[in-house]
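Okay, so chain A shows up in both of these, paired with chain B first and chain C after.
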Partner chain A sequence: MSEERNEEEIRVGVFVCHCGSNIGGVIDCKKLAEEVRNFPDVAYTEDNLYTCSENGLAAIKKAVEEHKLNRVVVASCTPRTHEPLFRECISEAGLNPYLFNFVNIRDQCTWVHMKHPEEAYDKAKDLIKMGAAKAVKLEPLDMIMVNINPAALVIGGGVAGMSAALSLSRQGFKTYIVEKEDKLGGRLNSLHKLFPYDIEATEFVGKIINNVKNAQNLEVITSSRVINIEGFIGNYEVEIDQNGNIRKLEVGAIIVAVGSSLLNPQGLFGYDGIKRITQYELEPKLKNKDLKAKEVVMIQCAGSRNDERPYCSSVCCMTALKNALTIKELNPDIHVTILFRDLYTPGTSYEEYYRKAREQGVLFVKYDEDRMPNVEENQVKVFNEYIGDEMIIAYDLLVLSTPLVANSDNKDLAQLLKVPLEANGFFLEAHVKLRPNDFATDGVYIGGSAKWPVDITETISQGYAAASRASTILSHETIEVEGATSILPEYNKSLCTGCEVCIKVCPYNAIKKNENDEIEIIQALCKGCGLCAATCTNKALVIRHFTDDQILSEIYAYGGE
Partner chain B sequence: MEKVSKSALVIGGGIAGIQAALDLADMGIHVDMVEKKPCIGGRMAQLDKTFPTNDCSICILAPKLSECYRHPNITLYSYSEVQKVEGSAGNFSAEILKRARYIKEEECINCGLCVEKCPMRVEDEFDRELRKRRAIYIYYLQGVPAIMTIDKEKCLWFTKNACRICEKTCEREAIDFEQEDQIIKLENIGSIIVATGYSLIEDIDKDVLKNYGYGKFRNVVSALEFERLECASGPQGGHIKRFSDGKTPKKIAFLQCIGSRSDRVEKYCSSICCMYTTKEAMIAYEHDNELESYVFYIDMRAGGKGFQSFLRRGAAEYNIKYIKSKIAQITVDEKENPIIIYEDLDNDKITQLKVDLVVLATCIVPPQGIDNLAEILGIELNDYNFIKTTPFIPVETSKNGVFTCGCVHEPMDIPRSVAEASGAAAKAAEIIRGG
Partner chain C sequence: MRMEENRVSFEPKLLGFLCNWCSYAGADLAGVSRIQYPPNMRVIRVMCSGRVDPEFVIQALELGIDGVYVMGCHIGDCHYLDGNYEAIRKFDMTKKFLSFVGLDNRIRLDWVSASEGVRFGEVVSKFVEDIKALGPSPLSGDTPDQELLEKVKAIREAVSSNRMRALVGRQRKITEEENVYGEKVPEEEFDVLMDQAIKEEYDRHRILLALEKDSKSVKDLGIELNLDPSIVLEHTLTLKSRSQVDFQKIIGNTPIFMRI
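Right, the complex of A and B next:
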């Protein structure tokens, strides 16, 4: 490789993107592109309104051909969303995709220095100078091929997990469901009716459980939990503990569908579990038609949309409406008053349901976060925002609409899967807008309220979605994964002292000692994070695409040697 | 997995259709995608930013457009419509009308020379008629496929038998006035996914917005128009100016539930307006830190991930005031400044607020042409004329083998549309794989 490079003249092309006004509105991209032309080894530059548009990509390909470019730098938004696109583009132009370098002058420059355009311009110029210097040192790399085991593991046997598993098994993939309880069904087993169609939850979930039981290729493992996960996309080895018996499963993809938990209502609005209960405790009473109350008051956002839990649990308003309507159906003379902040009934059928509740005589009183309802023994005092005065409402049953919360053991599972959680403890997807059911880690997917509180309808579509995402991997015999990995080059083997620090720091368990007592890095597992190389006491390990030589060239370009 | 011989038909090339097509294609299933407009991208391409991350919309969409266009398993029929569908789940056939663009697709390189020379100025649909385009045009700047289209209704050659200047300017001889509409027959379709998105109330009935001064006062705009005004590639280059006097607005009123949650127009909630309004106000503030925004609302509906904190940030850092109220009337003063007359629930009084600009969060309605498409596909619509879906399974239509996702069956935001798109793809794949 190095001889080859000596013969070849390095010709870097730099494309400066305006990103509409995101960059172009802060700095002069045209001038920047012209100035950048003077940097060492830069053979061609241009500015584009959107380098990522079909026009921009065509411009890159044209320039590679016409100006014999062999390195391409795009200075624009972020590699998070756009690196694959540009790599593919230069690959189509006949270059190795790793001869592309991304310079982030939007997220890390014009966005953060919007108010200081001159300094932002200078910084963008420096960043490009560094990026171009690194580009000079880039070497072609190959993607790594991995085999795919066409089997899937679904963690969680609620409605999300069952929907995902049913779809995968129907598509012909061997699928396992691991459920910690002794039966399938999850939260639906304890609900009475399901909004907005008011059908019995147990009847509905019973049908799905039946489908699961009759499905081909689908195995259910109840009373069990995942205790260890090894491997990588296409090749996971999962250890299951089923009542003390350890079992090993081999799968190509994993779907997280562990659902959510109920909030412990102790301390909220005088909760006592008898006269002041939660919606979830009301459901079995309604199912058994065991309701003695005449005056029912419900409080929405009980324990949510506050400083501790700043989110809307999104299912509680519809749950309250459903239970209020069920009460009215049992006995229209029972008064039901719902104290709410903002009623959450988006879309067509939910808004219709809200209207129905109003028509059935359910009363709605809006309260404000700053003036919370004051619950006394037999009455609630609430400042009614509509009439601008305090109201006193008598009750003999107070029902709290408490939020769904993240499972307390999400952290353990997240650690096993090496996926992140967000601030409230729910699982964090790869991109909230466009990758709602993926994790950033390839081969692991998510659906249902493990990610965020969602109703049954959305849970089911997300279960299918996770199945689809997994299927895009499982449908192939082999796939290509990232080639910018850590290696112990042959010429560095003598430097390795066998201290094993790299094994300890690797968060992906990608490093081990082989039978010859030598360090070995499992390429498909390595994410190229660089921890091993940074800690290697003898600088024996090399992170490809981020070699010392490449990083130092950036530093020298900025500050001089 | 064995290579399957059945393909999927995806109708609609917005974000939902694109995601469904990409998932299926990545499973190794061939997809024929049909898009009515000259380019794919749908509504998301018209947006400036997306909530709650305020990611630039076209920036995160563009890679998907390219991926869709280049994918070896996807055949894209843009500027096309499904005319006929026969058969049943596992074995549909379809007829596609591929309208003539009068452009040789493989020759056009989108250089734009023809556009410069075209003498015809036409209302630009993509920019909500806030500026003019030419009779030969690319649907939008970053549009895919990146090729020109001649608007037959407006082109001087087709209307007056004169001109043909574009033909003379095109160095690649890509203009073809003799081109004809084509009928393309597709066989062996296992499943169909309908993802034709939504229209807005102002597209079908401008009159219902008259009460709010829309179409009457120049400084009253719809939310999608405002989105285009905020956008750097939009008609004002991202520098918002009001239409009466070109002044930069310092005080904007955002009115929620315009046509939605209404007894007179549509009863349902459009689901996305509370969030996009906050986003639009935030972006406007980023353009001009002296801006004051007032959001007049019934309920703030923010149930999605990160939505509540988005609203809190709006109030705390972007000078947005949320006013729970009923709007009584909008009028203007002699300088065309809109005056909002509303009932303030805090003090129970009828109050007035003079602003520089009013933005209306107008109601999402079923896409134009839905009745016809439903008839072609043999699927049912619901009481609101959206596609009727199976209870609890929002991706299933009334017909086996025909699936749906996104706003064509209910108003929803982008993450939910994308999730449903993948969900619909899974169900479509089940049938194609014989499960």
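Right, the complex of A and C next:
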């Protein structure tokens, strides 16, 4: 079959799109289409007003049939938006979708060289020449079908994890929650009230835990950690260590909902855990109503928004307001002063909370990062930005609003999952706006404070979001994954020296040595980056659709052989 | 006269390798934003900047292209986690090789994110400007510098050699992680090793190319390549042990080597 293919005459069809006046208004597309007809192996060319329109697509199909084209090049906008459309089009015309090549002469040519139409024309011509040269070398590829195991693993049994797990189990997917502590609930177990509606934290989380316990298809595994993860989208094998007992789970998708940790406040503003404590240590005092202080001073951004931790922990402003109001409720005579750098109370209900705190007599003093409050035994000296002078505020309880920080074991989990962390050690999503609850690794999703500190409302939303992203996979019996992957072709096997450099550079653990001691690439894991092929010491590996041969043919087409 | 005119009107012929996820998207955004920049660069899309084989860069220069730009995602933003770190390793090696022949300032590595349309226009404009200031590549035009061309060919073969690819491929592993003995090779120490390997492989591949045309003695090779005969001898023996050259004949006491 493949030999037959090699002998087949290559016939490239090139379709030059005017894109209305976007391209056609700058360069002469008709002339261009005629001129590129002379490039090697180009059998047919035409220009279209809009190649992506119904007429344009019909023209491609017609030309493929009439002119026996077996490679199609469209010179128009960008593959990032329109490649799927044209691939589908040539697929309908009976060609393998990978025999299509895109040439970008709009976004990267006519739009950026409007004042130089002649040069833009030459550039478009070069780009088409290069694109056609690559097209000649293109090979048909198959999409890879992967079976999906309709089960999910949620790592972390806090609010984010429980929300995600409840959502998935209610959709009928077998779901496991793996929780490191001996009980569910996470951070909420140690909190008093939740802003902005003063809900009792334990009562709130208790309801959710109850739902989890009563849910069908949902199994909770506490006091356990994930120790190994293998496999790929739809087919993960996960090893769990529960108090020394090893258990294996098979799931199709994984949700990371490990939350965050508390900052160790040692060394911050004279912290001693007695007279100078954190907001988290204040919570149980408020819960048990054993607050003896008369003069409470809170310091915001204690340990955050500085060089070491440049991020905003996002929950501390509201936590301080909540606790200040709770103190006022316990005893309106207690003075509460909040020293802040900037106060973030976004949205309608949070801002109202702030107003309420002011009405109750909570004092707000703005300080600057360059002149940090100076904490002494019984008083705080702070330079008040508004009055432009130093204030001395007496305290008998100092409360530090410390940030949530990334878990120290995030790195281990990230390595197991092959997903990235950002600079502060939190998990990094695939795209902050477009794919906020995905990882770049297919089949692994994220929600809650594991990504950055978020409040309960946001945590629940993200838990649901991660679950819904996971269900887009789990609801299928099989899915198609990218076919442009790396392989060690049969004809190159003798070139492989077994040096294993490819195994080391692969970001996805997609390469292993099989039982015959041969390099094998797990196709469903490979993302087609091509690192392995570019690094392979003997050039034995081939990255399909971006082969050395294909890229060199583009270079030759431009540089001249 | 013609030379001067050439210099004034010189429009460099540039090639850019853009990663699909960041810099190609950034280039598209430059278009959407109608950022105008000089039309000198042609683009080859690759999925990751780490995919850019050093051979591609050298091959482009060998064909007379005046400058090659490799662009990827910013460090930490790589779509493939850390492909751009691999790109740095490959690029640094390529640049070191090219410094032997003074072409190192004709290649550039940079990071452009998908949201940096304006910046894409800026860095391309700057590259065009800088290459214009350098003038046409000595390998461009109808009469490329033949001696230089031979050297660049040697570099192309050297970057493709097993040794260089193995060193570059293992570099991060060696310098960033501990080996089984708990040792970590400091970056500086590795650099010394790398620089030495680069120099050796450059000379060895020049010897191989010289022997491709016809067989020669060590002395003749030394004269042709302007290398110390003792170094040539050492390299030739290494190449022999790698089965890349062999004795063709012995004239008097002088062995004549040939490329296999």
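Criterion: the second predicted complex is superposed on the first by the 379 of 561 C-alpha atoms of A that agree within 3 Å, B and C clash if a C-alpha of one lies under 4 Å from a C-alpha of the other, contacts with A are read in each partner's own complex, and residues count from 1 in each chain.
Assume a residue touches a chain if its C-beta (ideal position, glycine included) is under 8 Å from a C-beta of that chain, and two chains touch if they have at least 3 such contacts.
Computed from a predicted structure; not experimentally measured.
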**Report entry** Touching partner for A:314 - first (chain B), second (chain C), both, neither
**Finding:** first
Query raised in the report: So, A:548: does it touch chain B (first), chain C (second), both, or neither?
Result: second
Query raised in the report: If you stack the two complexes on chain A, which partner ends up touching A:305: first (chain B), second (chain C), both, or neither?
Result: first
Requested in this report: Using the superposition on chain A described above, determine whether A:530 touches chain B (first), chain C (second), both, or neither.
Outcome: second
Requested in this report: Classify the contacts of A:130 with the two partner chains as first (chain B alone), second (chain C alone), both, or neither.
Outcome: second
Query raised in the report: Who does A:97 touch here: chain B (first), chain C (second), both, or neither?
Result: neither
Report task. Could you figure out whether chain B or chain C reaches more residues of chain A? Result -> B
Query raised in the report: Between chain B (first) and chain C (second), which, if any, makes contact with A:472: first, second, both or neither?
Result: first
Report task. With the two complexes superposed on chain A, say which partner A:171 touches: chain B (first), chain C (second), both, or neither. Result -> first
Query raised in the report: What is the shared patch of chain A, the residues that chain B and chain C both contact?
Result: 114, 422
Requested in this report: Show which residues of chain C lie in contact with chain A when the two form their complex.
Outcome: 13, 15, 20, 24-25, 27-28, 30-32, 34-39, 42-48, 50-53, 55-56, 59-60, 62-65, 76, 79-83, 86, 90, 121, 160, 162, 165-166, 168-170, 172-173
**Report entry** Residue numbers on chain A that touch chain C, as the complex places them
**Finding:** 78-80, 104, 106-109, 111-116, 119-120, 122-123, 126-127, 130, 418-420, 422-423, 440, 484, 497, 499, 501-502, 504-505, 507-508, 527-531, 533-539, 543, 546, 548, 551-552, 554-556, 558-561
Report summary line: Within the complex, chain B is touched by chain A residues 18-22, 24-25, 49-50, 52-55, 57-58, 77, 81-82, 84-85, 88, 114, 150, 167, 169-172, 194, 197, 199, 204, 305, 310-314, 342-352, 355, 366, 385-388, 422, 426, 431-437, 451-453, 456-458, 460-469, 471-472, 474-477
Query raised in the report: Which positions of chain B touch chain A when the two form their complex?
Result: 1, 15, 19, 23, 26-28, 50, 52-53, 55-56, 58-60, 62-67, 69-70, 109-110, 141-146, 231-233, 237-238, 261, 267-269, 271, 286, 299-309, 312, 324, 345-348, 382, 384, 386, 391-395, 410-412, 414-416, 418-427, 429-430, 433, 435
